[in-house]
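Read from first to last, the chains carry the letters A, B, C, D and E; within each, the first residue is number 1.
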Amino acid sequence: MSYKIGLADTTFARMDMARIAEKTLKENLEGVKILRYTVPGVKDLPVASKILIDDGCGIVMALGMPGDKPIDKVCAHEASQGLIQTQLITNKHIVEVFVYLDEGKDEKELLDIVKERTRKHALNAIALLRGRNNLQRFSGTGRRQGTKDVGEL
Amino acid sequence: MSYKIGLADTTFARMDMARIAEKTLKENLEGVKILRYTVPGVKDLPVASKILIDDGCGIVMALGMPGDKPIDKVCAHEASQGLIQTQLITNKHIVEVFVYLDEGKDEKELLDIVKERTRKHALNAIALLRGRNNLQRFSGTGRRQGTKDVGEL
Amino acid sequence: MSYKIGLADTTFARMDMARIAEKTLKENLEGVKILRYTVPGVKDLPVASKILIDDGCGIVMALGMPGDKPIDKVCAHEASQGLIQTQLITNKHIVEVFVYLDEGKDEKELLDIVKERTRKHALNAIALLRGRNNLQRFSGTGRRQGTKDVGEL
Amino acid sequence: MSYKIGLADTTFARMDMARIAEKTLKENLEGVKILRYTVPGVKDLPVASKILIDDGCGIVMALGMPGDKPIDKVCAHEASQGLIQTQLITNKHIVEVFVYLDEGKDEKELLDIVKERTRKHALNAIALLRGRNNLQRFSGTGRRQGTKDVGEL
Amino acid sequence: MSYKIGLADTTFARMDMARIAEKTLKENLEGVKILRYTVPGVKDLPVASKILIDDGCGIVMALGMPGDKPIDKVCAHEASQGLIQTQLITNKHIVEVFVYLDEGKDEKELLDIVKERTRKHALNAIALLRGRNNLQRFSGTGRRQGTKDVGEL
């Protein structure tokens, strides 16, 4: 079995998220083929993701680290809207992995969140690529990425 | 009479909303066929719903439990915009069933809201599937889902 | 002369706005044909309006009474965006008639606003249906619906 | 040389902005043909503008005076989003001329802003219609419409 | 090797950003062909960018300086949404270069930001035009435009 997965990332981010994603994907999906696309910031991710899908990717991970100012939140919001539109145009999932620069209480915690969120969403991407019922056993179990799962009520 | 209904749900939610929806649908619509699709979070619901409709569903329920932080509200807003766009592309209804994690005063109340809102919207989905005048007798009667109806003025 | 007008309304509203609209339309447009479509809430109005237009309506009135909580305002905003998109897809007007549950100082005033806004917008719908210059004599005259006209500067 | 320009305006506005626009256009563009379209409020402008372009207008001015309440700002925002979408669908410019009812310190100042903004944007519309380099000599010169130009840094 | 790059700018901006961009592009991309398009404000940039792409540009820089009032932020937000939509329609990148009039503590600093952001994004545009892996060596290195790079965590 062979899959083509796109990784769209940014030069704005403060960590090479695509490298983490690539490592997790390769360890967990035999024969996976990775296509990378690097853009300046999160607002450039929608069209990059679209081009990756047009080039044959079955799924894309859109990786970014928006800043901590109000304008950065607006940028991330616009990027997210664009990523959803891209999915509706292409009929493919784009797993958005955004970590805000003010999410951690210090750089150490921020790094941990980035690594964990990217790794867990890479596993989500594989599951989604395998079909629509692969995540069903986790339905409503309060799963989180980058922070602790909160569990079922 | 036979109908195909899609249920798109998330692993982020803290309750298996699709199970409640499925139970209500089966009890109230003979011969209903259910297609499930489980995604990580609410922002993944639009394309999942679109694919369910492309696979023959006459209507989809998009089930999610957004978090209680400001960023979670933004995510839900983006998801809702995407769900409306999906409906306009497909000409099918998507019944959005979102329950915010901070809606109830405690876990017990939250659970009750989730169950009741899901159940009532499953009935709405059946009515919408049956045609555009099935809910007309309730026009302007102040119906709510998950909280008490407020009634007509 | 015969016209087909769509009325999309909700079960969430606290008054049967479609009945008021229908009465005004029938009194003021001979031979008018009304198609109704009732949905749960305002976010379901865009696709309902689109289907009404696809079924031959030359114009649609989208009738709703959004709630008074912040989340309700967001829902109404999403609905409005969807209604504008629907108009751009179909090249037909959709007259949005939204009355917020917190617009009146009491139930009596709220009722008056609903009736008056619905009635006036029904007349607007007829004018728009008749052609693009039917409202021109009122250009810039500060007309309001549901509250007093404010007049020209 | 002959041009067809659309003027979409509202009955909500408190001044006949289209009359000012028409006067300026006629004084400054020989042989101009004006098509008018009057709608109730700013949210009705996107589809009206689209229809004007479909009817042969090379450019449209969308004229409106949104109210001074928070809900009015949201309406104007939705209208603006729709006008941008319309431009992307049609590949034509729509010059948005919005004046908020709370922009002036009194009615006199408000009137002056409306007149000046409409007049200056009518000239912009003519320049845009003539080609993509007609405004180039003013690039980055801090031009404003309705208030004083702020100039180059 | 020959490339066609579009520069869309505004008369609202307080500096001729296109001139800076053009200089950087010409110094760094031999045989580059520049197409300019000047519009009144940032909300006019999406359709201008689309037309530049339709006229053969492989990439566009959308240059603007939004004002410092709340309404100006909303305008810039709408423009950004439109620019993302344009990219999804055309499958081409549009590098948004927006500098807010309140970004610098004085005019001198503002000028420096404009120059530096425009220059750096012109280099980004060249890199993007050359292919999807040209920026990959900078992935996650915390690059900024107009302010100091923040570096990798």
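Just so it is clear, contacts are C-beta pairs under 8 Å (C-beta built on N, C-alpha and C of every residue); 3 or more make two chains touch, one makes a residue touch a chain.
A quick note: this is a predicted structure, and the numbers were derived from the prediction, not measured.
Counting steps between touching chains, the shortest path from chain A to chain C takes 2.
Any chain that touches chain C and also touches chain E is listed here: D.
Listed by label, the chains that touch chain A and also chain D are E. With centres set at the average Cα position, the gap from chain D to chain E is 25 Å. Centroids of chain B and chain D (each the mean of its C-alpha atoms) stand 41 Å apart. In chain B, the residues touching two or more other chains are 81, 85. Under the stated contact rule, the graph of chain-to-chain touches is a ring, a single cycle where every chain has exactly two partners. Each chain touches its two ring neighbours, and walking from chain D in the direction of chain E yields D, E, A, B, C.
Residue ranges on chain B touching chain A, taken from their complex, read 9-19, 36-40, 43-44, 46-48, 50-51, 54, 65, 71, 74-75, 78-79, 81-82, 85-86, 89, 107, 110-111, 114. Residue ranges of chain B in contact with chain C, taken from their complex: 73, 77, 80-81, 83-85, 87-88, 91-93, 95-96, 100, 121, 124, 128, 132-136, 138-145, 150-153.
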